[in-house]
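Provided herewith is a single structure, encoded as structure tokens, for subsequent inquiry.
Labels A, B, C and D are assigned to the chains in the order they are written; within every chain, residues are numbered from 1.
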């Protein structure tokens, strides 16, 4: 079975060795190792993807977690094949409710074969949505909407989340969060076509360049790499000359973005595609 | 009536004055003047767009042409409202026949309300297409496919062309040609989404950036300005993960590009949109 | 003599005609006309550069100003050859004093052959600098530093300014201001190398891309065109590996930027270079 | 001591495991692992950087080479601390001789503390330079200048090269070559300022954007990553308005580029800087 191990700590001395030693000692096949050292932030991170005999699985997480505790590392062990039931999603939101709403409906209707385990928001706007669908809600922002990034991960760990879905969540996850859930577990909805319009105002920028094609992009978040390369799904619509920006944004937000997120999440939970060495490939 | 005057000559001394003097003497309303001086190429160019009383029209072209001849300028006078019949198109081609074929069919079927007055090619590939639809053909390239840019304009002048359509014509028109037919008379089909993929291999570049959205752009060619801003129409299609580049290009060339060109030309000849100070606006 | 006429008004009906009619009636040679129509902002603007017989000069400004008043246009007439004394500068500032200080010293020492006629600031930081050099000071910002763009132009008009120098003035001039002083009269200091680093944090961006070359750019501001093309002067310095961003910024602000502005302004007031059809050329 | 191990093979099955198992078995400290899998080219590559006890060094290369042979991998083991004498350079050239000439002189004069062990060229132009300085020469191009990339690596292996210097070598090394000499062993001279002007005609592009600052960049080549981030040294010069492109290129080629390469190579061989997780840092 495929297993993804992530480890994050303050430096590279003593981080890589114990985990790699343990993994090689298991006799598992190493499929991928990525390491990252960002001196200026005192952040060292590693992802190890292995092929493991199933009978080794029960001991793996406890033992690696124990190694992490003894070495002062934040270690996570995850397998897309671990869970017998549906994959568990955390939906992160800010203001716009449409993409989360569309995803909750698609889950309810059996179109997306997953479980909405928990919803989080750095703003309270989508709380009523969580209540409507009977999903646990956690507020993770302060009065100014600044998110508590540690709290987000704690909630996701507590709810044993498989995939974090950023449903128009308008804040950037820090590199340490991206590394802790690395390996294709963070799905973002960007409200513009990547890689052309990566900024926070893609409708405005596309409008300013007088494009007639507008789009949204569902992609994996991969730490330290251009987000444009991990595209899961893109959908577009066409504006006519003279259409006001407000009208274009409305069409994008109410129709195109929700569709894009639902289809993107469906592809991930149905395991039609997967992340392989920073690239999305068909399975 | 709206009239566009273009003048091209070797320098700016003595070019602007006689034409502007004549036009102001007519009592016409000046809507737009654009001038261009490119020292390094000894090219001076001007576009004047005016609102003219219809009874002044018959004398305008002969008199401005005479001014041009006496001053050594290349002067053209054109009005989109001049012709009582259908607009006359010149189709420029190179190798790919699909967009020209789709346009010829749309004209035949009354979907595009124009006349295919002449076809040109810097390569002989589309000659049989011209024969099939009974359109005059002119070869304008040498053995290596280098085009005779002067010859192209002579043919367009001779056939009294309203709009030059670059139907996957793979050469760049020189600035002097762009100026001579300035004012929204040159329609190009670009086989990628502008402004993100402006180069000559947009399929390859989009593929390399791992996009799933591919597109084509129909736009006016405007001298000395970023082509991305004069978009007439854009259409897109979506690739799936694992789709080969060859298959993507095939879908684009055989389906998406022809559709894009036909709809773009339709919008121009139906005068749904027009060029106004370097921007395409709805009429 | 070379004369630049600018006119700004709410639309293009009735703006171009009276000025062009008047100018052609004078018998002057038209060297350049640029027009601009930005529907969405109800702003129409025009620049006309002419060659005029000197004896026509005294009447030109009063008569064109009268035309402007009768038509509701904001008209300005300026000639770089008009003034017998030194060119008059307005120095616009925000927080950083170094570039303005260097320019004031260079003027005092005869290195830059101009007069510092007035200083303006949307922040009060450089006020003491104006007092130190005995230059009139005008505060043009509110409590949040938002500038009164109309007031800036009023002050420049009142002081009969030839050139507006943006000495680390950190706000964007609106298109209408750029047009009113079009023709190479607004000199900006940008604290990064153009065109590579056009944003407001060029040191940070160059540092993030791990460049070792840092620079500043002195350029004319030209409305509606990419600023990178109107470069008057650029100067650079080299950082070593491990140099902190703070240290790099300090070197840039205290040494490289002031030098860049002084040399740039010197080239303009000594008329070594000039703006010609959106390009800077040697005279 | 610091040791860099690179391994390249056709897939990731069976490549990572034997090398990582061996290395962890040595008790060495793992400082960095990078892996790369490019499905479409059947190329799998890995870099492992370790800290090794010196007494383990003599056995390391033979044993890892044997592992490589038994598994069908191309394995290289290198340490910057291995050689007691001067580092050995391979100079790769095409047409322009100036950068290689400057480096050979700097080596002769003791300014760069290295040995020019061998020169290679895909064109014969720099052969006489090799003869003049008594350096072995190998032609690695065919009649059209197409290089034999395998032959280049064979020559570098045969001459026990520490650093490959691309002295205006105008061809792209394939990913497999970059991986085989990964870890900061390939030094390139780019004749433009990175990251702004990455193409093959940086002088022309900077001239077209009307810059006044021209530059060259000496950088490590790092497979699969933007070259702009591994800058060793950059040097610039300033053009004046009206300076012809030919004159700018001449100054760059004859003066600025040679200086840039010499200083860049000096920094590497003096070990003032080194590559650390894709970034150049001061030691």
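Here, a contact is a pair of C-beta atoms (placed from the backbone, for glycine too) under 8 Å apart; a residue touches a chain by one contact, two chains touch by 3 or more.
Quick caveat, the model's predicted, so the values are computed rather than measured.
Undergrad: Can you give me the shortest step count from chain A to chain C, moving only between touching chains?
TA: The least step count works out to 2.
Undergrad: Identify the chains in contact with chain B as well as chain C, in label order.
TA: none
Undergrad: More than half overlap in residue numbers between the two sides of the chain C-chain D interface, or less? Answer same or different.
TA: same
Undergrad: So, what's the distance in Å between the C-alpha centres of chain D and chain B?
TA: So the centroids are 47 Å from each other.
Undergrad: Suppose each chain is reduced to the average of its Cα coordinates; what separation in Å results between chain A and chain B?
TA: 46
Undergrad: What whole-Å value do you get for the distance between chain A and chain D if each is reduced to the mean of its CA atoms?
TA: Going by mean C-alpha positions, chain A sits 37 Å from chain D.
Undergrad: At least two partner chains per residue is the criterion; list those residues in chain C.
TA: 279, 281
Undergrad: Based on which chains are in contact, what kind of graph results: line, ring, star, complete or other?
TA: ring
Undergrad: Each pair of chains that touch: what are they?
TA: Applying the touch rule to all chain pairs gives A-B, A-D, B-C, C-D.
Undergrad: Which bits of chain D are touching chain A when the two form their complex?
TA: 12-13, 16-17, 20-21, 24, 29-39, 276-277, 281
Undergrad: With touch defined as at the start, can you tell me which chain A residues reach chain B in the complex?
TA: 193-196, 209-213, 215, 228-231, 233-236, 238, 240-242, 272-273, 279-282
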